[in-house]
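Quick notes on the structure that follows.
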Amino acid sequence: MISLLLILLPLLTGLAAFFIKDEKLVRTWALLTSLATLVVSILGLCCMNETKYLDFHSEWLPSLGASFSLKMDGAAQLLCLLNTIAYPLVFIAGWDKTYKNAKNFFALMLLAQAGMMGVFLAADALLFYFFWELALIPMYFLCSQWGGEKRVAVTFKFFIYTFIGSLLMLISILYLYGQTPDHSFNIESFYNIKLTSKQENLPFWLMFVAFAVKMPIFPLHTWQPDTYEQAPTSTTMILSGVMVKMGVFGLIRWLFPVLSSASFIWGDVITLVAIIGMIYASLIALRQDDLKRLVAYSSIAHIGLLCAGMFTQNASGIQGVMIQMFSHGINIIGLWIVVDWIERKTGTRKMSELGGLAQKAPTLTIFFLIIILANIALPLTNAFVGEFLIFNGLLSSFTQYYVWYTVMAVVCIILAAAYMLRMMRKVCYGEMNERTANVSDISRNGKLALGLIVLLILAAGIYPQPMLDLTSGATDSLVDKFDLIRKSLLK
Amino acid sequence: MPINYYIFLSLALFCIGIVGVLTRRNAIIIFMSIELMLNAVNLLLVAFSKMHHNAALLAGDVATTAGTDGQLFVFFIMVVAAAEVSVGLAIIVMMYRNIHSVDVNFLNRLKH
Amino acid sequence: MNALILSAILGVILMFSGILLKQKAAIRNIAIAGMVLLLGVNVLEMCGTVFFNVHTHGMIVFDRFALLFNTIAFASTLLFFLLSAKDMEKVGVNYAEYFALIFFILCGITLTSSFKSLLILFLGIEIISIPLYILTGSDKRNLKSNEASLKYFLLGAFSTGLMLMGIALIYGAMGTFNTISINVFTEGKPSLLLITGMLLLLFSMSFKASAAPFHFWTPDVYDGAPTVFTSFMATIVKAAVFIGFIRLFDEAFGLLRPEWKLFVAIIVVATLFIGNITAVFQQSVKRMLAYSSIAQAGFMMMAVYAMNTDAKEGLLLYTVAYSFATIGIFAVLIKMKDYSFDGFNGFAKHQPLLAITTTIFLFSLAGIPLTAGFLSKFYMLKATIAAGNNLWLVIFAVVMAAVSAYYYFRVIQAMYFKEGDAQPMEVSRSFKWTLVVLAVFIIVFGIYPDLILSHLYF
Amino acid sequence: MQNALQIVYLIPLLPLIGFLINGLGRKHLSKSMISAVGCGTILISFSLSIWVFIQVKGGNVHTATYFDFISVGRLKIPFEFKIDQLSSLFLLIITGVGFLIHLYSTSYMKEEKNEHFGRYFSYLNLFIFSMLLLVMGGNFVVMFMGWEGVGLCSYLLIGFWFKKHENNKAASKAFIMNRIGDFAFLIAIFWLIAKLSTVSFDEIFTAASLAKLSTLDITVITMLLFVGATGKSAQIPLYTWLPDAMAGPTPVSALIHAATMVTAGIYMIARSNVLYSLAPFTMDIIAYVGLATALLAATIALKQNDIKKVLAYSTVSQLGFMFLALGCGAYTAAVFHVMTHAFFKALLFLGSGSVIHAMGGEQDIRNMGGLSKKLRITFITFLIGCIAIAGIPPFSGFFSKDAILLSAFIKNPVLYGVALFAALLTAFYMFRLLFITFSGKFRGNQEQEHHLHESPPAMTIPLIVLAILAIIGGFVGIPEVFMHGGDKIGEFLSPVITEQEHHVSHATEYMLMGLSTGLVIIMIIFAWYKFRNYQRSEATGFGKVLENKWYVDEFYDAAIVKPIKKAGIFFSQVFDTKVIDGIVNGVGRLLQYGSRQLRLVQSGQAGSYILLMVISMVLIFVIQFFIRK
Amino acid sequence: MSITQILFWFLSIVAIFSALMVVSSKNPVHSVLWLILTFFSISGHYILLNAQFLAIVNIIVYAGAIMVLFLFVIMLMNLNKETEPQKHKWLRIAGAIAGGSLLLVMVAALKDTDIKHQQALINTGGIGLIKNLGKELFTTYVVPFEISSVLFLSAMVGAVVIGKKE
């Protein structure tokens, strides 16, 4: 029931928001409803393991073998939590912003939330695909309507990219559906599919491409920097904070358990590509002048790590990914809030035109610093836990070149430090210039949002075990599956 | 008569009709070529009808009416052809009124 | 049978109403009322009430599939009337005759959906085609309309010739026109005459369904015809042809599937490719929709290719999704002054409601989930995958579907994100609400298609 | 009953609280409040550390586990503190020296704005917290937390005056270079986890665990850990950040970049001595690297003119000595040197701070001279520091350095020779510094001369205390030859450090001591002769190379930094936009082009339509009847 | 060679020759006349096949009504050799080749069908007589017959719509 509520709440309130004319009212409405959704998802945490309260099942299209079933395991809970935390944060941070057609903006935002929630909860392949697209459409409108100068073309590229990906996934789903013993789209039936590893290849790649585009994994990433740059920042926060996790989540729930042996066989190649992508993106981030693009490329690098972590296929790596999904979401939202504030106050995103913000905006600088440190995985911040586990998983994974993979991946945290500190140095430190001389410190709502983010960063960094416990069930079942496959393949 | 002769004859007439459609620019002639094609079909149908009749007779069914449907089909083709001609000529005349030509190559406002 | 006879009668009534009634509104009301009646009697027949019990000697059988499609076609036509009947006035003076012709076409559609004899198929196709030639040319002063009409006529007559040749050869091989009797299992190779005839029928049906490489008439005719009639023929008529198509190849040539499978696949690929790729560069929305209808035909052809239960269900759903969406878009398009993409610039600002409904229609055409368009494409893909070892075809189709999103979204971009002053045209309240109803239908069927498909089985 | 040492968490917690109070209240609290909080928390920690030390001395060794930090599958990483001889000794050094430097800072940083004053103390407290975490950590992960934490504080404090770009660059450089080391450290941890599924010291350093590791594993792990140590402890090749780190406030240099943080590497290796003893190859490498660093840094220090730079290179050099000791298996000697070095190097830095304070921020020794008259206490304490570092008995440096040299001699006399040479250079450059700064004539400008004054008590008291420590600090490790049982420190550490017995005759030992002491004195006299009346002159030839630090920075820049930047530019401007995005956009453009071409087929001519239809029919017939058959 | 065979060959040659003349005559009026000849020869074939009803209908409907209509239209438009548009030579050749190859392909495909030994009944057989056809038409085929009235109606309406002056 809780899972149903989590979808319906943003969906209905989002639809209702279309009809609220007053801007202030709709903003309040959006914040309050997103908070309500947060409360529901926390409620979900409280009745962990009580599947009868969490899950939901209802007939939908019996002739097709599709049902409206939602499943809320640990991984889903964590991502729902991320989703529900992200929204209030974004709304709080954007409290003092005005939008043209505010009602449409907030309504679409909430609809996107409903879509993503559905992706995280769906336990039926067709339903999953539905929500997958449903999350995309509001994003398309949000980015095209409220974004920067080149928004229409850029968003369209983004749309087509992901649309192709998701259509390929659809084929894969259909193919797998044909192989299910009971001709059903239900996730359990998908888990029962027996295929030879040769048969698995094509559906595996079809599905992986969809997720890879969404994450995005090098070399399918080129939509991402442009989109992040052009989209309205609130949307970018959701895009990068929550939406890209859809891809990783897809791996966890749909790709790996269903197509395990292909995942195992191709793990090497994909890990390599992901890690090359990490280094590649890090190197590019090192030379970016535009703050948004820098953050975008850094995000590509981090997501590459998530992908590599998934393919370690051991408990440490996958647990790391789960934690890191959450952490990355929180951190990058923080980064965007800061970048957005800088852009609004100084009118530029170019680092070469900034400097000396620390003198005028010390509070912001502190928050910024903490978020940056979290982003480069300093111990006692949230990202350390995740990345530590992922790297660890990588080294003890069964891929053939695991040592070199690990080394290459860890190189990225050096590069990450380099580009993140470069950003810090160019933006906050140094002498002021005419652009930065007149700024004031961050406003109260910004402080609130960033403060919450910092609290989350530290809390999760110091005591991550509850999160690990939350997702351990999902991880264990996945790892068990892999162990079986590995044994049978290596025999 | 061996049925193959009829088949070949009809096909020849049919393809001459097609060649006519392909080589002429006058809409009326094209239309006439199409009529020729229809007539080739009619001839073939009648021949087949007689062939099936023959086959039924040879099979020993003396009072057979096998093959009637083929000839009736020809009848319906003629009906349709007549209707088509009335409409087709009306369209051609309408066009002639507007552009004073029956050249189909004039018809290229709609393209790409 | 109810619908077949009533539609003919209604055609006659409207034919005369043009003479008797001078007020166009009255004619229109009669047509709409007649349409409601037609829909009603057809639904009644689905429920088991048959008014006219005519013995057809097995040439026409109104099974559930046919009746359900007829209902869909009649409902679409009703919506079409509600939305666009008023705009027919602008085409020419023969207002009542247009309605009469449309009713005659519906008569042909009932035949095409329910034939069991090639003769009936032939007659049905012709009854559809001949009025269409006229409707296409009904804007008599307009050279484009003339041109479209003549092209349509010449090419259509040519394809009729092919179809007849095919029927003749089949008759030669099998000695019958009855579809069931054609579809008998023979030892060894099937007769060459039969195969040749089947291929010729494939060509001519592809022509009517505007499948490549027999599609050439489509863009020109759809572009040249008065937009109201384009709307009608691109949707309901095309859907009917497909129903006839799938029926023919299922009932008459089902056993020959190994022979025609390859060619249908080729036609699917060619159609998808040409339709989608050519649509990309169009500057006029109307012409783009013409090409998009070719592209959609490619998807519908996949049903013919797959030829299983899913395919048939899916085709029905597809006809609904495609017809409703296209009727809706055309209804909006008719109201526009400028048919180019730029003509839609800033449309959302002036007509937010129309823009939203149009967006839903375009989503449906592009196959975005939550619209019927998605599920119908989904059924097609599913049927094709179920039909066997042909993932390549599906992948190709899917890539082409992505391409189609490109041109559909151009309209959405123009409406929402481009600065412009799309002429705010006068639209009545009822027009708007009809569009909304249409959009709601599309979404409802997109979520719960069993509303339609469940009628196929009881 | 719970072990009394369970409450050691208070030791790091107090500085953390101090950090929070000062950090959050930096705008609202007065400077004296900030000082009180900053120093007070450390003082309490120091007192606790003494208590802990006494407990440990009494034989109470304890591993305190608090909560599961990470527990995944078989891997359990608890949050635990290990209190034993080694860590308790470091606790003393850290909190003790830390407290003195805090005290010193209250005066040194007085001129800063309230806000920045608070910020400074909060950073300093955070540093102490991290450092404590590092040494108290009961497993590699907790140690790593502290490890990175001190790196962060170092970054923050180097860039404390963030308006100047050089400071920020130096800060970033320090952090990134440390990260390179951390990278190796991390991999070592992962390797351990992969092999042993644990990171706790108590579990790793057992015979059972060690038996599970192959020689290769041990070599790789120890090498990686050592690479980690080179980053933090500024060894070749990762030493270049340390001299640049002098951009931070001087007390920071004293605390972080001399006394505590940079010795973390030594601590880590000493902690893992069980492992290292099994990896002779790594030991050799460590010895060579340490020696090379000691020598290289010493040569550079000869020609430096910035007072803090000289001390920085001296620090690098001394750290090199410590690694030499580690490489020779003399862990105790290394730890001993850490301790004495903490005293005299902190003293020297604080002394230099006093000088800089007096000179109004001037750091170039060529502009100083003759300061001994004006800055009596500073001069005397500085002199003590110099003597200690030069290694003249009975000052502390003598004992520790002697132990190191002896261990080198045991390992290989050549090592000893080179190390001795480096030690002589140490004496030379330190006294060069002393003489140029304090003797001769004042070479600065009028204003500076007028401004010259002795520092306030808050600064001189720590100097005096440290000077005393620098004198007597060595007595805890008197060699056997002088006094049986004099090696208190070795005795104390023996439960945690296993060392091979060394076999050197007493005569040799005496001879070596005599040799080094004699040569050092000669060097000092030479330095006095050369620099008592220093006149500025341009360096030429080899001196120029030394002044420019062997051009190592330039080499790194050209060999590593520039290529990475170039790659970044290439990827972002060429590869990403032209190639990858080019392909993506190319597909789109191809589509448009295809569309434009394909629509030409739609010629508008009915005849051509039919022709195309007929041709396709013919083709299909051909396929059906002639190809498929 | 029997008389029927001679007649068959004669009629076939006439039909093909006149058909060729239809498509190749420059003058549209000549084309019409040749087409009428073709229809006559086809009617002759019908008679040969004893399909008397169709032979008559063919002459009345096609040769009589339809072709006269064509002739009227051509006369109305005053089309003659001079106004006759000519296709480009290459296009004509291409058209002829395409049509020819279609013929070739189909003949090649159908020359070996399983019914190639069957005969079409010549001269005899009563199915082509009016009586038989009429009976069938108004019993079994009454529904299509009625339906064709719809076709005619629509054609009529269409002709009115198209032809009526506005």
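Note that the chains are named A, B, C, D and E in the order they appear, and that numbering of residues resets to 1 at the start of each chain.
Just so we're on the same page, a contact is a pair of C-beta atoms (placed from the backbone, for glycine too) under 8 Å apart; a residue touches a chain by one contact, two chains touch by 3 or more.
As the structure is a computational prediction, the values presented were derived from the model and not from experiment.
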- Query: Whose Cα centre is nearest the centre of all Cα atoms in view?
  - Reply: A
- Query: Among the chains, which one keeps its Cα centre farthest from the Cα centre of chain C?
  - Reply: D
- Note on the structure: Ranking B-C and C-E by C-beta pairs in contact puts on top B-C
- Considering only mean CA positions as chain centres, point out the chain farthest from chain E. D
- Note on the structure: Per the C-alpha means, the centres of chain C and chain D lie apart by a whole-Å value of 77
- Interchain centroid distance [CA atoms averaged], chain D/chain E, Å: 102
- Message: How many angstrom lie between the centres of chain A and chain D, each centre taken as the mean Cα position?
- Response: 36
- Message: How many angstrom lie between the centres of chain A and chain E, each centre taken as the mean Cα position?
- Response: 71
- Interface hub residues of chain D, defined as touching at least two other chains: 599, 602, 604, 606-607, 610-611, 614, 617, 621, 624-625
- Note: chain E residues in touch with at least two other chains are 87, 91, 94-95, 98-99, 102, 106, 109-110, 113, 115, 141, 144, 148, 151, 154-155, 158, 162
- Multi-chain contacts in chain A, i.e. residues touching at least two other chains, fall at none
- Chain pairs that touch, as defined at the top of this document: A-C, A-D, B-C, B-D, B-E, C-D, C-E, D-E
- Given the complex with chain D, which residues does chain A contribute to the contact? 157, 161, 219, 221-223, 280, 283-288, 314-316, 319-320, 356, 358-359, 362, 373, 378-380, 385, 388-389, 391-392, 394-396, 406-407, 410-411, 413-415, 417-418, 421-422, 425, 428-431, 463-465, 468, 472, 475-476, 479
- Query: Can you list the chain C residues touching chain E in their complex?
  - Reply: 8, 11-12, 15, 54, 56-57, 59-60, 92-94, 97-98, 100-101, 104-105, 107-108, 111, 117, 119-120, 123, 126-127, 130-131, 133-134, 137-138, 140-141, 169, 172-173, 191-193, 196
- Item | chain C - residues contacting chain A, complex | 313, 363, 368-370, 374, 378, 381-382, 385-386, 391, 394-395, 398-399, 401-402, 405-406, 409, 413, 416-418, 448-450, 453-454
- Task: Under the touch definition given earlier, write down the residues of chain C that touch chain D in their complex.
- Result: 150-151, 154-155, 158, 162, 192, 195-196, 199, 203, 207, 213-214, 216-217, 219-220, 259, 262-263, 266, 274, 277-282, 403, 406
- For the chain E and chain D complex, residues of the former touching the latter: 87, 91, 94-95, 98-99, 101-102, 105-106, 108-109
